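Labels for the chains are A, B, C and D, by order of writing; each one numbers its residues from 1.
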């Protein structure tokens, strides 16, 4: 199957989608790409894209999670038919997948959800793919999976379950783990960066890349940044969060799974985005109340 | 013993010490107060204070923890003798007490450590006292304890153990608990203050003062503050920490006691004092590394 | 309005509902109670209960959250009409309230959601009530509110907002705060109970009930338990969680509100219910991997 | 310098020390090993070991942290002299290093502290070394460092600072980071292992080893364990902690560095070792207090 060539429609040609198109074409597949931005698109409409595909038609959706993905899949439901397949490769919440799968199944259209990791490194190194859906549906997109995944390894491609959402759920947890790993390095770095006893913190991190328990790809990334800006003076201490971290903690709560480190990592990001620490206002208020005046230190309370 | 009158030396006449002198005098005790600030002091020196006391001499030290307390006790060791008593009523770390007790015992001087809670409310309502030391030593200062504690209740005065430091240890844990209680209200308040679904948050908190599980003195304080400044706009989201919170977590770690809520409360205070979130710089740096460029969102990684 | 007498239907006569019926009747109101258990009920059916009420009919639903509440409200929708009112006094999730309110409004039936705190103490001391809904709807049930709330205080009854769910949302946050307050005491108690330096831990907690920053009703409860069983040897270290703690953290995540202490308290409960610590299996597994054999201590890694 | 051959004394020939002796000898160095167990030792006493070394004598101490290391260094102080060097390669707390360095300096003996990572893998792959001390002292042991570190890379050996303890401090933080990384994987694994939506969890983790953000050596270890025992049924959910995790959090607290994820990881280990969850007893006790009886659910409170 690795050797087979396939036609695939690809919706969403931003940085990720665009690079994926390139990697698919380099593997010999025929990609018909559609994007709302005509400068990026191969065709002028979803309809034209679908028209250009041989049956069974396979369309990979690579647009932002939520409404854009939902509306794209709704449109594709109109355009596709029995035996065709939609792959959602975006960052959809796993609970969306069951709804999309059921809706598409009304017309006999198959559905595979696929979490994709790799960022801009994926074009060259391959994307890690975690997918959910039936074996039969997965088989239809397998040549594309094989082209997109890292070559020369069995890693980087995994069937996470037959239930729609299994792939996105796995990718979601992957991101939750990522949050806490990043927080781990960040906490250690802050301590090392602040104490007088050690010098040369970037080189300490660099040394850890070989022979230690904490070696990882994230460590490699951090070393590059620290070597360029020792105390990270040029970087603001501010981090957004995508939905995956939140959903991971929510899924943990729903399943009574304790998740202290991942939730702490998520909350640390929330705090980093507050100009004034909101909860701490209430604590300062209570401390004022202790003494009638703010000048009374708590240790007297 | 409640009826007896005593003479007591009191070192440190700041807001706490000064009020305690007043409360002791109102109960009929004779207080000889010393402070480095001559405007506050009754006598010109520690020596003069000691001179003025009948034997067995009882001196209550109410100065800042650490070096000031240590040096005051060292001076008192020179001035006092067999059968006299030093009471450390400050916020000393419990580990200091064993050292002070041992040093004083070399001259037969007794030692009692006493954690004091009450703030500016203590003058009127009484101070909660938690003390450590031998029964024999405690008996010497008991009339003062009875005068300082809240009247009309058995609460507010407790012998925490005969080991020096038992009192300060208990007061330390009291403050650790306080940290997490305050954090509990603060987290709940932030959520209520931020959502659209509820109005009238100060009155919600006010209503909780009767009949609910969360009613407490801290809640009363918070209600007063919220009624004066609904969203606490005038209060900066910044909180110092005194040593007790840190020592509580350290003692927990030493004893393998999990302390997730109290430590979270302590760390929240640390974060509130950072102008730029330091650890988050490292996270932002790694996220930059994902994509080569900051413009790549993490959800693509 | 306080003086007015009203008729009210009450669905659900378990411990809470039964006590509320008693308190309402003691205030002079006429309560028609229905319960699936005929031994508790005043009438044989919901229909009979509705029949017995004068218009505008007011029915207070006090059954378990989720399906029982939803199906009861659906039945009442059939039985009630224009101008009548349903009060949900159970522990419903706030998101259910909007749905119930909208459904009832199709027939012109009003809706008030009301979080109720008080437990078995409520019969004697009154229940703390937090409600959401329109002023007009609330007016219809106000005499019952006045009877149920603690007397002699303005506390214990609050209008949290006009949006359906405002009351349950507030009660939910109240419970979230309660989780972290309990955790605060529990962490402090564990430390005090485990160290050698202090004796007499129950009396330390008892002493805190007057004059300290941590005095609260929860503290009072804990003191009673500690005095009966100093080390709580007879109590299993196991705690269930009702939905409110989970929903509070979920609402926090949805609103990007950091909630480290409340979430830690929730997770601590999850862990307490695991026979074998599940996550720790993975950590033990990795540690085995360090050395090839479990006998290698991590400090060598 | 890499090419030079040196003589070195090595105290402590357990699994770590024994393997290090082997690796040093394979690099051509002359190692005189001493252990209390005569079956492992090359010489019968520390004195004999010191006797066998040419000046400047270099002795590497590889015994358990705390008293064993302190007493070994005290003995070596008697045996060594001006210009000689002691290397502490064990897991000493960084605060011990200043004391040892100062004591040895009284006789002109140099001191280098060195954190060593690598476990049983170190013999083959090399040990990651983080050291503190003067350049002059470090130069005396550099040939051994070069032999022990991973070959073919600049990583795995770093001079962390000239202050005694810089090396152990860095290794300590490394272990703190390790705690939270392990916790991150463990939390994610527990969630994946518990939900129905995904199958094949070991292969999901395996797939992450290439192309993802969470790839790391720890992940590799975990995959091996999961492939052997899918749900880790054979492994008890119990994890010890070595001192480094505790010391990391203590150092963070001392420096006002927030460390929510690493502390959560430490506390999770503490909990895993409790037969009955101690703090949760207090929570269960308070919950009993709500209702007078344990049978009253909290949602009624």
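What to note about this one:
Convention: a residue touches a chain if its C-beta (ideal position, glycine included) is under 8 Å from a C-beta of that chain, and two chains touch if they have at least 3 such contacts.
Chain labels with UniProt names: A, B, C, D = Decarboxylating 6-phosphogluconate dehydrogenase.
Predicted model, so just to flag it, every value in this text is computed and none were measured.
Here B-D and C-D are compared, and the pair linked by more C-beta contacts is C-D. Homomeric contact chain B/chain C is classed as same-residue, with over half of its interface positions used by both copies. Chain B and chain D have centres, each the mean of its CA atoms, that are 37 Å apart.
Note on chain placement: the centre of chain B and the centre of chain C lie 33 Å apart, centres being C-alpha means. Separating the CA-averaged centres of chain C and chain D is a span of 46 Å. For chain B, the set of residues that touch two or more other chains comprises 117-119, 175, 178, 183, 185, 187, 190, 194, 213, 218, 257-260, 264, 267-268, 271, 278-279, 290, 301. Remark: chain A residues 15-16, 65, 91, 117-121, 175, 178, 182-183, 185-187, 189-190, 193-194, 218, 221-222, 224-226, 229, 232, 235-244, 260, 264, 268-269, 271-272, 274, 276-293, 296-301 touch chain B in the complex. Note for the complex: chain A touches chain D at residues 94, 117-119, 122, 125-130, 132, 149-150, 153-163, 165-166, 169-170, 173-181, 183-185, 187-188, 190-192, 194-200, 203-204, 206-219, 248, 251-252, 255, 257-262, 264-265, 267-268.
For chain A in complex with chain C, the touching residues are 213, 246, 249-250, 253-254, 256-260, 263-264, 266-268, 270-271, 273, 278-279, 290, 301.
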